[in-house]
Amino acid sequence: MALPDNQLRQIIEAALMAVDEPMSLDRLAGIFLDHERPSPRRLRETLADIESSCQGRGFQLLQTASGWRFVTAPEVADFVGRLWQEPPRKYSRALVETLALIAYRQPVTRGDIESIRGVSVSSGIMRTLEERSWVRVVGHKEVPGRPALYATTRQFLDHFGLQSLDQLPPIDAIEDGLPDLLAGAMEPNEGTNS
Amino acid sequence: MALPDNQLRQIIEAALMAVDEPMSLDRLAGIFLDHERPSPRRLRETLADIESSCQGRGFQLLQTASGWRFVTAPEVADFVGRLWQEPPRKYSRALVETLALIAYRQPVTRGDIESIRGVSVSSGIMRTLEERSWVRVVGHKEVPGRPALYATTRQFLDHFGLQSLDQLPPIDAIEDGLPDLLAGAMEPNEGTNS
Amino acid sequence: MAELTAAPQQQVELPLVKVAGKPIEKLPEDLYIPPEALEVFMDAFEGPLDFLLYLIRRQNIDILQVDVARLTEQYVAYVEAMRLLKLELAADYLVMAALLAEIKSRALLPVVQADDEEEVEDPRTELLRRLQEYEKIQNGAEHIRARPELGRDFFKAQIQAPEAAPRPHADLPLAELLSAMAEVMRRVSFKENHQVAYEPLSTRARMSDLLERLKPGQFLSFTDLLEASESKAGVVVTFLATLELVKEGLVDIVQTQTFGPVQIGLRDGST
């Protein structure tokens, strides 16, 4: 027996508000007993319905890599941010560039990062990125020393409100491509969006 | 300059959702800079406004001793509560043996069970059996320490689909032909003896 | 009579700087930075590539249009200034200075075709490729910075959750109970030589019933304990259960007068 629309909406909304992390469709479906479980399509419709009901309110539904979660409305972020004594942490250029490099060129080794940025990468930066769970080691390059290969994580996408890496604007526009001679250098980023 | 009603509502709503504890009027007022701060009366009106806007939604505004907070709507609490529900705990071998001994040897003391099983019986097991209403204390043995005498209950019989303890197969039979008995025991309502 | 005087302003005179054998009379016009601030200025860069990109961007031209000779002059001037002021400078900057000087000197030489088919990589091309790649990464970093961020632009909305639903009871089939009993019996017979005697279950169950019905300090007659609905077997079971309870010291049987009613009561711990 299917649940009525308004009850379904209420349940999904309550669950998303009560849980402290994004919820996938599967996890949402898991709330229901077999006989009352809505189809994935009905769940999506309900989520779309909830999303539109947040117009003008203090919260909104955000879909990120891990699923759906409620967040406070960005237009009142300045006010809400005052609730915390400490201002949000500013990230150093080195950290953001390293993060961007891993995001756009993953998987990369620390050596790759250093050769592109032209300076050594401090262990502190890698540690911070790993502690924040934004990057992680996904393997080792089969070259002497077997250096670790880094990639970004789902938490990275979640933190920046992204569903996938595709949502980051491309940095390899075709028109600014170098002549043939340099074509080889453009290839590695093909893998970024897959 | 006072903030417009809808912005004020958005800010208060977002703040209450961002903070994981009840917020007092003072704390809510503290979000605002001096020139934009609403009066306590206006804050209360805004809260009342938010409260009525939660009709039929998955959450509601609740005023507690320490202030206002959002909670999930009580009408969907059962669904959402399933998210934290622990899976059923398997009964340990020790528990099942203890229960079997009480069923066959009742009334027995914990000491009796221990001397038959050759190991001590944890209080946890006795507590679980009592919480489950499968066993209860029916008296005390008049020996030093007056240990409790345990017996099985009506709920125990109901759980296993028995009308009386007589329907449990005699011990000799269990020892000799467990497989046959188990086959019979699979249909508890049939009763072993009837 | 001591008089506090301000220390004389250190006038840093830039000594003659030679680049590629050619003396540089003055620093490039765009180097307005007071020498004391030079270190701070240079610190703002993430290394020689970043610094080169800054110099290129200031000219507002595409990387591919860069005049390497001019770029080299500007770059070397800064590096020399740092060196002469005895300010610490990462070795990377010196390596880059050498590379730039090499590129510049090559540009003056006629192109020599290599004997074999292999192309010799032009260091200028390599440098421009690196600069372009780094510029892309800097753009990428800007894209990430521009993203709305959790904890800055939006915050988790989390409200009080309902109580967890009660933990469901695990299933315990009768088969499992019986196999547990069989297991206990098996262990007991292995462990002990003497046979543990078990009364028929009905007697055991009746013992529990009797204990429950008897209240401390209160005696019931044997007939009170009998159920009218039960057959003769019921009387026997109750009788056996009573005897068993007496044997185990759980109840006392009292007869106040000969042929009087047999009274059964819980054994008082104090007697």
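Each chain carries a letter (A, B and C) given by its place in the written order, and its residues are counted from 1.
Following the convention adopted for this analysis, a contact is a pair of C-beta atoms (placed from the backbone, for glycine too) under 8 Å apart; a residue touches a chain by one contact, two chains touch by 3 or more.
Every value quoted in this text rests on a predicted model; they were computed, and no experiment measured them.
A.B. asks: Of all chains present, which has the mean Cα position farthest from that of chain C?
C.D. replies: So the chain farthest away from chain C turns out to be B.
A.B. asks: Whose C-alpha centre lies nearest the centre of all protein C-alpha atoms?
C.D. replies: When every chain is reduced to its C-alpha mean, the one closest to the whole-protein mean is C.
A.B. asks: Please tell me the distance, in whole Å, between the geometric centres of chain A and chain C computed from their C-alpha atoms.
C.D. replies: Distance between chain centres: 16 Å.
A.B. asks: Could you tell me the distance, in whole angstrom, between the mean C-alpha positions of chain A and chain B?
C.D. replies: 36
A.B. asks: Compute the distance, rounded to whole Å, between the mean C-alpha positions of chain B and chain C.
C.D. replies: 29
A.B. asks: Pull out every residue in chain A that's touching 2 or more other chains.
C.D. replies: Where chain A meets two or more other chains at a single residue, that happens at 14, 17-19, 59, 70, 72-73, 80.
A.B. asks: Give the residues of chain C that touch two or more other chains, as numbers and ranges in rising order.
C.D. replies: Within chain C, residues 155-162 contact more than one other chain.
A.B. asks: If we count contacts the way the header does, which residues on chain C are in touch with chain A in the complex?
C.D. replies: So the residues of chain C touching chain A come out as 46-50, 64, 90, 92, 96, 125, 128-130, 132-134, 136-141, 143-145, 147-162.
A.B. asks: For the complex, give me every residue of chain B touching chain A.
C.D. replies: Touching chain A: residues 6-7, 9-19, 30-32, 53, 56-59, 70, 72-73, 75-77, 79-80, 82-83 of chain B.
A.B. asks: In their shared complex, at which residues does chain A touch chain C?
C.D. replies: Per the touch definition, chain A meets chain C at residues 14, 17-20, 59, 62, 69-74, 77, 80-81, 88, 91, 93-94, 96-97, 99-101, 103-105, 115-119, 158-162, 168-169, 171-172, 178, 181-182, 185.
A.B. asks: Could you please specify the touching residues of chain C with respect to chain B in the complex?
C.D. replies: Residues of chain C touching chain B: 155-189, 191, 196, 198, 200-202, 204-205, 207-208, 211-212, 214, 248-250, 266-269.
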